[in-house]
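Note that the chains take the letters A, B, C, D, E and F in the order they are written out, and that residue 1 is the start of every chain.
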Amino acid sequence: MFHHSSKLQYQVRVDTPDPQFAKYLQQAIGGIEGEIRVAMQYFFQAMGARGDAKYRDLLMMTATEELSHIEFLGHAVALNLEGAPVTAQEEAAKDPIIHAIMGGANPRHILSSGLSAMPVNANGVPFDMSHVYASGNLAADMMANVTAESTGRVLASRLYNMTEDSGMRDMLSFLIARDTMHQQQWLAVIEELGGMEANFPIPNATPPEHEATEHSYYFLNTSLDEPTPQGRWMHGPSFDGRSEFSARDKPEPLGQKPDLGKARPHSGAQKQQM
Amino acid sequence: MFHHSSKLQYQVRVDTPDPQFAKYLQQAIGGIEGEIRVAMQYFFQAMGARGDAKYRDLLMMTATEELSHIEFLGHAVALNLEGAPVTAQEEAAKDPIIHAIMGGANPRHILSSGLSAMPVNANGVPFDMSHVYASGNLAADMMANVTAESTGRVLASRLYNMTEDSGMRDMLSFLIARDTMHQQQWLAVIEELGGMEANFPIPNATPPEHEATEHSYYFLNTSLDEPTPQGRWMHGPSFDGRSEFSARDKPEPLGQKPDLGKARPHSGAQKQQM
Amino acid sequence: MFHHSSKLQYQVRVDTPDPQFAKYLQQAIGGIEGEIRVAMQYFFQAMGARGDAKYRDLLMMTATEELSHIEFLGHAVALNLEGAPVTAQEEAAKDPIIHAIMGGANPRHILSSGLSAMPVNANGVPFDMSHVYASGNLAADMMANVTAESTGRVLASRLYNMTEDSGMRDMLSFLIARDTMHQQQWLAVIEELGGMEANFPIPNATPPEHEATEHSYYFLNTSLDEPTPQGRWMHGPSFDGRSEFSARDKPEPLGQKPDLGKARPHSGAQKQQM
Amino acid sequence: MFHHSSKLQYQVRVDTPDPQFAKYLQQAIGGIEGEIRVAMQYFFQAMGARGDAKYRDLLMMTATEELSHIEFLGHAVALNLEGAPVTAQEEAAKDPIIHAIMGGANPRHILSSGLSAMPVNANGVPFDMSHVYASGNLAADMMANVTAESTGRVLASRLYNMTEDSGMRDMLSFLIARDTMHQQQWLAVIEELGGMEANFPIPNATPPEHEATEHSYYFLNTSLDEPTPQGRWMHGPSFDGRSEFSARDKPEPLGQKPDLGKARPHSGAQKQQM
Amino acid sequence: MFHHSSKLQYQVRVDTPDPQFAKYLQQAIGGIEGEIRVAMQYFFQAMGARGDAKYRDLLMMTATEELSHIEFLGHAVALNLEGAPVTAQEEAAKDPIIHAIMGGANPRHILSSGLSAMPVNANGVPFDMSHVYASGNLAADMMANVTAESTGRVLASRLYNMTEDSGMRDMLSFLIARDTMHQQQWLAVIEELGGMEANFPIPNATPPEHEATEHSYYFLNTSLDEPTPQGRWMHGPSFDGRSEFSARDKPEPLGQKPDLGKARPHSGAQKQQM
Amino acid sequence: MFHHSSKLQYQVRVDTPDPQFAKYLQQAIGGIEGEIRVAMQYFFQAMGARGDAKYRDLLMMTATEELSHIEFLGHAVALNLEGAPVTAQEEAAKDPIIHAIMGGANPRHILSSGLSAMPVNANGVPFDMSHVYASGNLAADMMANVTAESTGRVLASRLYNMTEDSGMRDMLSFLIARDTMHQQQWLAVIEELGGMEANFPIPNATPPEHEATEHSYYFLNTSLDEPTPQGRWMHGPSFDGRSEFSARDKPEPLGQKPDLGKARPHSGAQKQQM
């Protein structure tokens, strides 16, 4: 069960409201790299967690933190929209510089939300929940979570670079820090589960007889004119300790030329296909 | 530039066509765990690759392989739809067992595609390209790729379990094998780039002064009644070699109570808000 | 800031797991009538609330409750999936009755989530955040909230009727009750703001000179062969106390015949259009 | 059956074409507050109407009016795009002011539609029909309709404020007026059906024994540090005449701690979860 | 401006209600081959029509007819849902055959719409307006319209085959007939505009100097092992009367090997990319 | 099976990088008129092709070419983003002209992709695979392909007009040329199949007794005040050689007034509907 306390997890201060930056910040709320995504991803992973209950708890605790991130980012968006012109009569609207800035703003911040945050990204595209990765496989989910926190930290760093507002920079430096920890903690789960070798290939419970293992450890070079790039992926032991890497250049197809024959009557095809 | 040869990368054989399994297989084509996703993800990562060109080549070569996976899976879907009743007059349609099976099939395999594969998932929801993760950060992209191959192998293993058709099992055992290699090869890129410690936190180029590092290494326990779960996430050195993990129970908010004040005139609000 | 406690807001008990009912329950999680929608809708309304802070608090408190509803519904979905066959070899999978039931289940509950809840509706379509209505106008938002709770209670009642499981019926009777209160509380906000007459038309701050009031109180009968239906909408005082209702039959167009003239050169049109 | 006459329902005049305003106007066509939505919503409600046929007629008549609103708004968009530069060689394109204005325009108005309206919102996101709320419950649908007309009138008022073009203001003043009437007429249906008390809680046909009525009339304060806001929602008779409001502070969970146990073999989980 | 008359364009009769067929019929309403799509496509094309006004009229008249098709199809869906079990207590729900049939039905026909049509396809995926093709180029739009009516007639034919209900077959035979005419009438527009040779390539107003015409008339055989298929596409005059067809086997790339160099500082990339 | 060679199909040169043009170019990659769409459309049509194998080959060969178009367009986007400011500190970012230009850029080109192409359109909306038209009917698919190449060439021509960069114009002139050929080659398939008369109405295999042919050849004028526009659609032989065109003015409805009667108990409706 969830509870709420009235203060924000972190202080939000905007020295110079900037409607264009409000649009950019939306990526951190409703973008695929954003906070709705991680909040919901950890929440659904927690609800489906099977196995040692401590992983469920870890996921739910961090889902809860991410909800608080949405909250302070939402406040930051609203503060950046303070003073944005809402009528064509305002002085601001007649200032060509502000007019140009508003051309780069999200018009729905005025038209649809009344100067508030929305669950959309920096292009105004609503977040959709297909991005909630929760597979029922703990290791796969951890990799998905490290990924989400990595793209999240990339985004927060880029947003930090795009503003000179000291309040916004302070808030973003907190987000960057939390994303560091969240990357680390999901990696720590992998270590706790025995590390890379014990967990890969994911899922590690697939019986070997379900796998055509003769195809499991070679890199397939599908290029007609490039040699296989040199690197760990083509020699040395595999990271799951089961085999050695190799490479195959210009591979031959192993299958047939596909042929579905003629179309059946009454299948909606043209006569010429029958 | 792309080229094509006429045979499939791998042999596809269906002993007993099963329209319901055709629906399930769609998840491996147009699902978020499927082949369109990885083909396009690696392709867009390759097109945006900066730095050592060998990573670009690696990505493009594997993108090309994934296109071939779409191709043989598409053939497998069509073969599973062979003989599915397309009219209410057919004997098959009047057989209650086949009728029940068709209730579990995707009706658009008959109505929209004429007994062929579609770029949709097992619920008939079309794939959308927002799932192509290509961040411009090589390490983040590698984590995204390991994730994609992990959920892909989880899916292929589940599909393997859901069929008894030996042709389908053979094809899926090949997919399981290739997913093993693809997990491994993206991990190999991380190793080639210096391993976990050299790459985390992602992005590793974010200047420390952009990060509130006092918040970077503690686990935040947001539960009111549960202790912090014990594990590597709360003690010991962090995996980036920069600090030590710790934990904070029942944290106090660090921010203000948000207050946006009154609504502005002409902002579309009610009088009572002004 | 959000917090969590480890127990569910309400007891979840499933006497007879039913994978088909698990699919139906998804509508209450990820459907437009469901709990993700109201949780996020109240959350975003709260973040954008301007005016008397008590409405912000009301919204945030109920957003928090709705998060807890997602949580117990998610558990209910997982419990309904207990024992669903995950391999073709299981006895259950070979039982024609269970086979038929599984035809009516969501295959992604097996293929994608590993027997857990997903943020999708009963057709497997992911929830998308465009359904979060948060306009910045308090009265409009309250009407949106009454609507959401009304369709939510309609859905919960239908789900109640579709099951005979006493555990599920108990849980749904709680949801039905809470939806009753939530309908009532949002209506209470309207009353607190002065009632219907004080709030309509929404927004009540639109200056009368921005409105062609001669068109504001007649019902337009666009039918060629039906009289205007008799009712309060065509006579008597309007509910905002500003006018009297009337009706117009077979109205004449007030505008011109549209004509955009010829296409411009270089606009991508055919020569014949120029 | 539908028919058409060649003139617009209302006169459309644009004194000074403004491609940026064309982009804003799209919200009134293809936004969730726009005319496609209400046209389709009333149409589908009418097609599913059961009970007294007059409500069906009312819905169909107004659906038909809304189609006419799409039509004149579409014309307004096209007129605002008159003269927008379609080549980089035009004088207009070289004027820095016009260049800046075009930066705020929707490029697809040039690239995709050839200077015409599109069924998209002000961010260029296509309307999707999931926003057509038609529940089969007449009262729930009326609340949805009041909501749609309320957000519609909020939007029209904001658009009115964002332009100084007298033609556009005239057209928008007509839209504002019709939204007033449409709010009123759907409220009138509720009155005709017996008013609030007779209709709430929606659905009013849910048997009381399907509802845990001990949970139906208290406000749940989920905040850890805020008192329940004072207002009609916590005292006095409920609006359905069935009970009295009360409030619960810092509620205790009523449910269990969820526990799904171990993952099943062959379910795609990691060994460590089993 | 639109008008409505109370009777359906065509008689709808359902002898034996079939909830599964109701699901299939949805494809003709909310599928990409369905009636919402053509109604809206012709409507938006009409609103953007430039050039001879008769094409605008043609489009608007047929858009209006398609709205009437939605209407009778919507009625057909509702009639097919008559008697579908809405409670688990009904006799019908306990009949294993009806239970199996309902497994193949759309549960949202009960849960969300109360036994009525929805603007979704046969998988329950809502129609989205990105499928409204209206390019501002009359010939391109005509080809889009022929396509829409072709897939529409394919769909109607498949639906006809999938039912034995004489009422449904009668209604579908009318749809099949109207789709025939609509294919023909859009082809007639092309003829009226001067026929294929006068209109192709589309757009025919693109100046030849904007086209690398040396690449305009050869078929590119990208296969490594297949000869170019023999046919009109590789020899004889082109259909626009401008050139002769030819073919190129195993073409050489004309471009460079792409290389974006190193990543820039502060761009969110890893250090190793810089 | 697919293969790749390392050079681009066509040379890409950008003389003056332009982030706004990068945004526009996205329409040619991820727009409905773009290259992902045709690549995937031809690919899925090929995978479902039944009948003479040469059509399958034709489709697959051109699908492969379109993949190469995505590749060079992706490179063009990245080159146009060279030098775009990624921090607020850069000189460029402080230049008001560049600031204004960036207001018209896609912020996700900086925030999400790190200065690279994305699978989105010019509004930043991701491509979704519902636009892959592959019906199983060869003639319908050919019309869909002619349509796609027509809107594609319209788009390429508009993009050509929107830039003065000679490198971009050179690349677009190649695209315009290839779209010419692709329009032609799909028309050539129709000719190869016997031409218009042999193929229409599509599908040509629908038995005449499934069609209410008395409704197949008249144009329906649904306007109340406009005469039927004069043209080939209302007189002369139909293009399938089966009949003569005619027209019907102000048609009478052929169907009943719809009436669904009262709502059923337990169906979630209001009491007043029962």
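In this text, a contact is a pair of C-beta atoms (placed from the backbone, for glycine too) under 8 Å apart; a residue touches a chain by one contact, two chains touch by 3 or more.
Heads up on the chains, UniProt names are A, B, C, D, E, F = Manganese-containing catalase.
What you are looking at is a predicted structure, and each value in this text was computed from that prediction instead of being measured.
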item: Smallest number of contact steps required from subunit C to reach subunit D; value: 1
item: Touching subunit A and also subunit B, the following chains; value: C, D, E, F
item: Farthest chain relative to subunit C (centres taken as mean CA coordinates); value: F
item: Identity of the chain that, by mean CA position, is farthest from subunit D; value: B
item: Pair from A-B, D-E or C-D with over half of its contact pairs in common with B-F; value: D-E
item: Distance from subunit D to subunit B - Cα centre to Cα centre, in angstrom; value: 32
item: Interchain centroid distance [CA atoms averaged], subunit B/subunit C, Å; value: 29
item: Per-residue overlap in subunit B, given as positions that touch at least 2 other chains; value: 1-9, 32-33, 47-48, 50, 57, 60-61, 64-65, 68, 71, 75, 78, 86-87, 100, 103-104, 112, 114-116, 120, 123-126, 128, 130, 135-137, 139, 154-155, 157-158, 161, 202-203, 222-224, 226, 253, 255, 258, 260, 263, 266-269
item: Arrangement of touching chains [line / ring / star / complete / other]; value: complete
item: Sites on subunit E touched by subunit F in the complex; value: 3, 5-12, 32-33, 54-55, 57-58, 60-62, 64-65, 68, 71-72, 75, 78, 86-87, 114-116, 125, 128, 130-131, 133, 135-137, 139-140, 143-144, 146-147, 150-151, 153-154, 157, 160, 169-170, 172-174, 176-181, 183-185, 187-189, 191-192, 196, 200-203, 206, 210-224, 226, 228-233, 238-240, 245, 251, 253-258, 260, 263-264, 266-269
item: Of all residues in subunit F, those that touch subunit C in their complex; value: 154-155, 157-158, 161, 224, 266-268
item: Residue numbers on subunit D that touch subunit A, as the complex places them; value: 20, 23-24, 27, 31-33, 97, 100-101, 103-104, 121-125, 154-155, 158-159, 161-164, 222-226, 250, 253, 255, 258-263, 265-274
item: Residues of subunit D defined as touching subunit E within the complex; value: 1-9, 30, 36, 40, 43-44, 47-48, 50, 57, 60-61, 63-65, 67-68, 70-71, 74-75, 78, 112-120, 126-130, 132, 134-137
item: Residue numbers on subunit F that touch subunit A, as the complex places them; value: 1-7, 47-53, 56, 86-89, 96, 99-100, 102-104, 106-108, 110-112, 114, 120, 123-126, 135-139, 193-194, 198-199, 202-205
